[in-house]
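Take a look at the structure below.
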Amino acid sequence: MELDALEARITELRGEIRLAKAGGDDDAKVRRLRAELRTAERAWDDALDRGSEPDDAPPLLPIREQVHQALTLLGAPSASRVIVAVNDAFFAGRVAATQLTSLRRDEERSFRSSPYARPYYLCAALTAELLSPARGLLAISTWPVAVRIIGPLSPRTDFLTSAIRVAEHMTRLTGAGGSASSGAYRLLTRMARNIPGAVEGFGRADPARVVGAANAELVVHQENDRRDRHAAAERATTRLDEVTRLFGAGLRSASAS
Amino acid sequence: MNSPNHRLDALRGGVAPVDHNARTIAALAGNPGCDRRAVLDAAGIHKQSIAVHLGHPAPFGQSPFALDRARAFEELVKADGCAHLVRLLRETLGLSVPEVAYTDIADVGGNTAHQLRHTRTLAELRRAAEDGERSGTLFDHPLLKLPVAGHEVYLEPSVIAFQIRGRFHIVEIKSFAVIDGTADSGQVAAASRLSAVYVYALKALFRAEGIDPDRVSHEVVLVCPKDFANHPTATLLDVRQQLASLNRQLSRLTRIDRILDHLPPELTFSLEQSPAELARAIRTVEARYAPECLSACEMAYFCRADARVCGSVDVLGRATRDELGGLESIDAVLDLTAGDRLTSPEQAEIADQLRYVRAVYREHASAGAEAVA
Amino acid sequence: MTVPHSTPYSTPHSTRFPTGGTAETADSADSAGGTGGFGSAAEAAGRATAAILADFAGGGHRGVIVDSPPGAGKSTLVVTSTLELAGAGERLMIVAQTNEQVDDLADKIAMRNPALTVGRLHKDGFQVPERVVRHPGVTASKKIDDVASCAVVLATADKWAYVSGHTWKWAIIDEAYQMRSDKLLAIAALFEQALFVGDPGQLDPFSVVDTERWAGLAWDPMQSAVAVSARLNDLPVHRLPVSWRLPASAAPLISEAFYPFTPFRSGTAHGDRSLEFTAAGFPASWDGTLDEAAATGWALHELPSRHTIRTDADAVQACAALATRLLRRGPVAHDEHGSHVVDATRIAIGAAHNDQVAAIRAAGVPPGVTVDTANRLQGREYDVTIVLHPLSGRRDATAFHLESGRLCVLTSRHRHACVVVARAGIPELLDAHPSTGRVRLNVPVKFPDGWEANHAVLAHLAAHRVPG
Amino acid sequence: MVFIPLKLAGEAAAPLGAMVGTDPAEPHLLVVPQPRNRDLRFAFMSELAQIMLPYIEGFATAKETVSGRNERERYLDAPQVIVPGRRGVEFVRLLGRSTRFRRSDGPYPVDPSVPVLGQWLTFLYERGELAGSSALLAMTDALSLHWATGQSPMEDANLATLLAWISPPPGLTGQEAAAAAENPIDRPPAGPDTDPGFDAQVLQPAIRAYDASGSPALVRQALRTQLEPTWRLMWEAVDLMRALPEAASVAERWAIDRDQYTREVTRLAEGGPPRGRRDQAGPAAIRLWDMEGAQQSYDAQRAYDDPLVMTEHRAAGKAFTGEAVHVDADRKILLPGGKKPVPRPLVTVRTSDPVRLTPGKRVFSVHRRRQSGEIVEIDGDLIVVQLNDQLAKGAGVPTPGDAVCFTELDLGGRIRPGFPTGEETPWTHGGPPAAYVPTDEDAVEAWS
């Protein structure tokens, strides 16, 4: 069988490359072996593809639409991991975290070339202190600036807010006669584990209880957080131009990197 | 006479020194009796390059799977505003509900320059120390600084410092599993030594800032996956002994001139020379090889090869060496055993013992299936 | 009970153990300095005993722990407590770890109150010594039924493990830090309340098998009986604050090196004790060492640096010769009780390993001088001790050699002077020692660290060095 | 049965693959093509169960009846699993721990064979903790008991270098062969940890290929290259071990393994629950007692069986061999409290050994096992021993000229004191522990 022969050859080549590298052989030999390995791997891919039909996925919403949908549900600046998880749980999405890495930069480029051409942009959250882009978080340009500000308490309040929004969305779904997926319950349960009193033992989280518990903690932080955020938002509105207001100021701007 | 730093620069052969990091500082305690390693470390010489040049590279390396796992676990612990960590600290140390403030010092307004981050770290910690809980609980990616062998070294802990009731703790996130409350004791020890470096540096920072260093706790919060799942669990580690040991090792490094004084003035470990020349240069600094080095020091395979060539009893391990009561070479042991060698007075006792064992083994030479060395 | 439940000296309790704040029984103004005279030390010790008895007999706790540094009157406390309880008509059992310890206690109790019925339970084939059976109140037997009716029953922990069908309200467990948790488990059903008495600075229990399996468990069978009970219960911890054995020259060092968080002091002041030789010395090295020891309480007899086998002939010879020479010089000890000739029975030689002990005995030690390992010297007392340093001649220190308890036992057996025999080079060996020990989760860190303790003792001895 | 497991680096107990079997010519290769996938891991465990359980349970056939104080039945043979090294033994423990609490119902159900395998792996590991058991062996340990090499114990833990020292290929010295065997490419690590270079350059691409294509072929192929060399070494070592003569106490020790195997078969047949995560106070004390007892007996048996092992004890002064130069066979003494004199023969032994025992010390006769005596007197090279038991009708006393050997090593066999059961746990040890109730946590304890 062709595949088996190719696999054997690939393994053999990899071994030879390791030997050559470990033995300090000249680079030329290693390069030649590498080239041969790549050829074999391509041949293997081809052989495999001949065996199976290409996977025809249904056309999807563009990535930015999906992210927008997830962020709208979450209601707070979020990390790509959370966006992917929400997308999986509620929208049967097919977004991979790796697809989100360049999203913010692309959006900034688009905004710079023709500002406000789109109804919304996926933009940055801003650190309260320096109004620089907060690492790894995505937000929506149409949100009030204060929502996009990250103060010291914001990571926690945003987490609690997101948990509440996820739970409420599930309640909406069940109330409307539908049902939340098991993936949604898994997501909620995972979040609930880190909220005091939101879930007991190892059972499945109950949306109503999560809302109650998260709100109970949220009120503790809310006032201080709101104050921090509004103070910073005021500074952002007065001091930043329209690009940096969305994509962050700082000692190194996103477009320069 | 040259100053020690001058000498060390010369040993390096004009190349910039490699920076120490928490791992290399923690490793100082691994074999402090080894002059060779002490000199190489103090001079900031890249030991693996030397070992490769000498033809004895150490087969150290980390599996990409282990690296992925470590990264993924750390992300998980810090995800959602450190939601897991907040839960664990509430459970283990009684952190109160309002204490959730999180400050990331991985960059300052997008700038990652060390000096900037360090200044920010100082400012944040000072404010937290002075104002108490209101101005911050969790500090991610603080950048610490520590003088090592006369050089200022930045330490980039992937850890979080946090304060509770006015005391600051280090949080160390590791991806080895804690199964039923136990973990691999070697890995726990390594984690303890590593976090002791951060505790030490944080204490030094406090002291330099005029803040009571005792406000840095010697109890480190070790966060690991629980059992076979990814769910994080926290354990408190008391690193007082590691701190004491670290203190000793760091002060040893500053006494490196004791060794340097005995080295030829023109000595250099520059990689410009041939492997044979480099080997000769390296050998002028005495090593203290033990088999444990193989898993800890980049130079170990070179040192072992040397020890084998000399027939040194070091290759047999510390326990065997100790039992041989000061005999240095395997040949000497065999000769004394066979009675072929003139015995000096200080060898009389060990010689008697060896000959006795040989005689008894002889009794059974015909009966036993085993070969007698 | 005859003892009131609460005294002004009972103290708040802490379960943080063994490093955390143990209850200080003596009042602190008194224990702060080492200069307090005999009288105030005696008062402090007396108050400590009263407070312990109140706590124990008061019944508020199922167990009471008493930490006793070397020579702080541990067996006196055991005997006093026994007589108090027995005097109030209570029956009690006493557990010790070796037959010798049991016999010592039985003898002392019977001596203090000859009318008391004392049962000495022992294993089949054991000969109870004359000093115990001479007391009319003592019944010795291998069967519990023969002695169960006695007011006090004593046996080793090993023997108690096979007793069943009888219970006692009170138990006193002596040398409880040397008793393994599993041994306590085997006998714990026999009593309701226990007084644990022991010295936390001495050697920990050990096993020949790998016990990592239980590391971190609160009931790890490898812990001491005290450690397990204290971890699982909220027990008051008392401390005897004064060492009556160690002279003023030794108590501060031993306290600082081995009891860093729980300092104690000597019951005697500098000048209260002295050691005098009636025969003049020669300027030879043995006498130089002995003179230093007599004058200062310490001497380091230092042999040239060399890596040796364990039974280093020179060091072994030095130990034996020092003991011989010491006796020849007719030593007389003066102390708070008067003066006495130091005879062979008041001298001991201690070493780390059995083979070293055998070699020292074979090297010709005067009859009557005790030669033993640290393990077997625990709880014993002499006027002068000669110690073969565990690290002498070693190239690498092992955990065994560094164990702080070993050095603590060896350097805290004397009332007057301690001579340490060692090859030069131990500081360098410590300096080169790798700190790569394994760390187990949830196992309380042991203090003092062996390295630090060894270092502290050597630093002190450096001032008393006599080249050998 | 030889079992060579591999695990995924960075994970606690994620199996990657294994080579297992009882026939050197027919290794079973099992792989987990994507070790982070929980379902695939359990599929692996169930596949492993298909191979291991028939082997382990296959010994539960022919029985013998053991008469005596404690009459019982016992299977004539028992399973024995050999892994390359101690890390392999530890991995068996973790595999057992991660599977024995799984359930075939409830959330995340697994194949019913998986928890059974978990129970057996746990049994094997726990037996292996007792000295003298052969139920689960690390090959490097077994070899090191019989061969000494010119490398350190740390390096002896590497099966490839250890075997290279023991039987170097023709033309090479042991040291040269061992140096060659250190190359991870020719001699992949014996597991369970894999070579990081292999992980990066071979395994990672192979797993990616599986993720892309669903074909495990590349992963299989890759793991085969890592496992086959060790498989061959393991059987080479098995042959070396089989060539050694069997020691006198082996049958006695194996009988204990068979006894325990028999008990475990019965326990499992009666639906015995999986062993707890950690020992409670009582079981811990009992186990420590058993482990120490087993260690003591094993050390003594080895010395009694093998004169070379005894040599070490003689050199350490804990045993002595010599000639009985004088025997007072008819000596009788009156024991304290005794009524009539009992025989207590005296044997005087001349020895050249450096004896470090002292008068009063209890010693045992090596030639007449379980006969004890005590040293009465030592005078130069003459040692007088009083024999205390096994003297019925004048038997058991050596005659002058006999070679004798006495040692302090005790074969053991003391009766274990009674330790409290769980509900009797006294206050000193925290009182009775809460009863174990299986929870969903056992099942939720995900492998990821």
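Going in written order, the chains are labelled A, B, C and D, and every chain counts its residues from 1.
Following the convention adopted for this analysis, a residue touches a chain if its C-beta (ideal position, glycine included) is under 8 Å from a C-beta of that chain, and two chains touch if they have at least 3 such contacts.
These numbers come from a predicted model, not from an experiment.
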**Message:** Counting C-beta pairs in contact, which chain pair has more, A-B or A-D?
**Reply:** A-B
**Item:** Centroid spacing, where centroids are CA-atom means, of chain A and chain C in whole angstrom
**Value:** 64
**Request:** Indicate the whole-number Å distance between the mean C-alpha point of chain B and the mean C-alpha point of chain C.
**Result:** 37
**Item:** Averaged-CA centre spacing for the pair chain D and chain A, given as whole angstrom
**Value:** 50
**Asked** Going by the touch rule set out above, which residues of chain D reach two or more other chains?
**Response** 197, 278, 444
**For chain B, residues that touch 2 or more chains besides their own** = 181, 292, 319, 353
**Message:** Going by the contact rule already set, what residues in chain A reach two or more other chains?
**Reply:** none
**Prompt:** Got a list of which chains touch which?
**Reply:** A-B, A-D, B-C, B-D, C-D
**Prompt:** Can you list the residues on chain C that touch chain D in the complex?
**Reply:** 62-63, 127, 161-162, 164, 181-182, 184-186, 188-189, 194, 207-211, 213-214, 217-222, 225, 228-229, 232-233, 354-355, 358
**Prompt:** For chain B, which residues count as touching chain A in their complex?
**Reply:** 75, 79-84, 86-87, 90, 97-98, 100-104, 106-111, 136, 231
**Message:** Applying the document's contact rule, which stretches of chain A touch chain B when the two form their complex?
**Reply:** 79, 81-82, 127, 130-135, 152-156, 158-159, 162, 191, 193-196, 217, 220-221, 248-253
**Request:** Quick one: which bits of chain B touch chain D in the complex? Just the residue numbers, please.
**Result:** 59, 61-70, 175-177, 179-181, 225, 227-230, 291-292, 294, 308, 315-317, 319-320, 330, 353, 356-357, 360-361, 363-364, 367-371, 373
**Item:** chain B-facing residues of chain D, complex
**Value:** 8-13, 35, 94, 97-98, 146-148, 150-155, 175, 184, 194, 196-197, 199-200, 203-204, 244-245, 277-278, 306-308, 311, 314-315, 353-354, 444-448
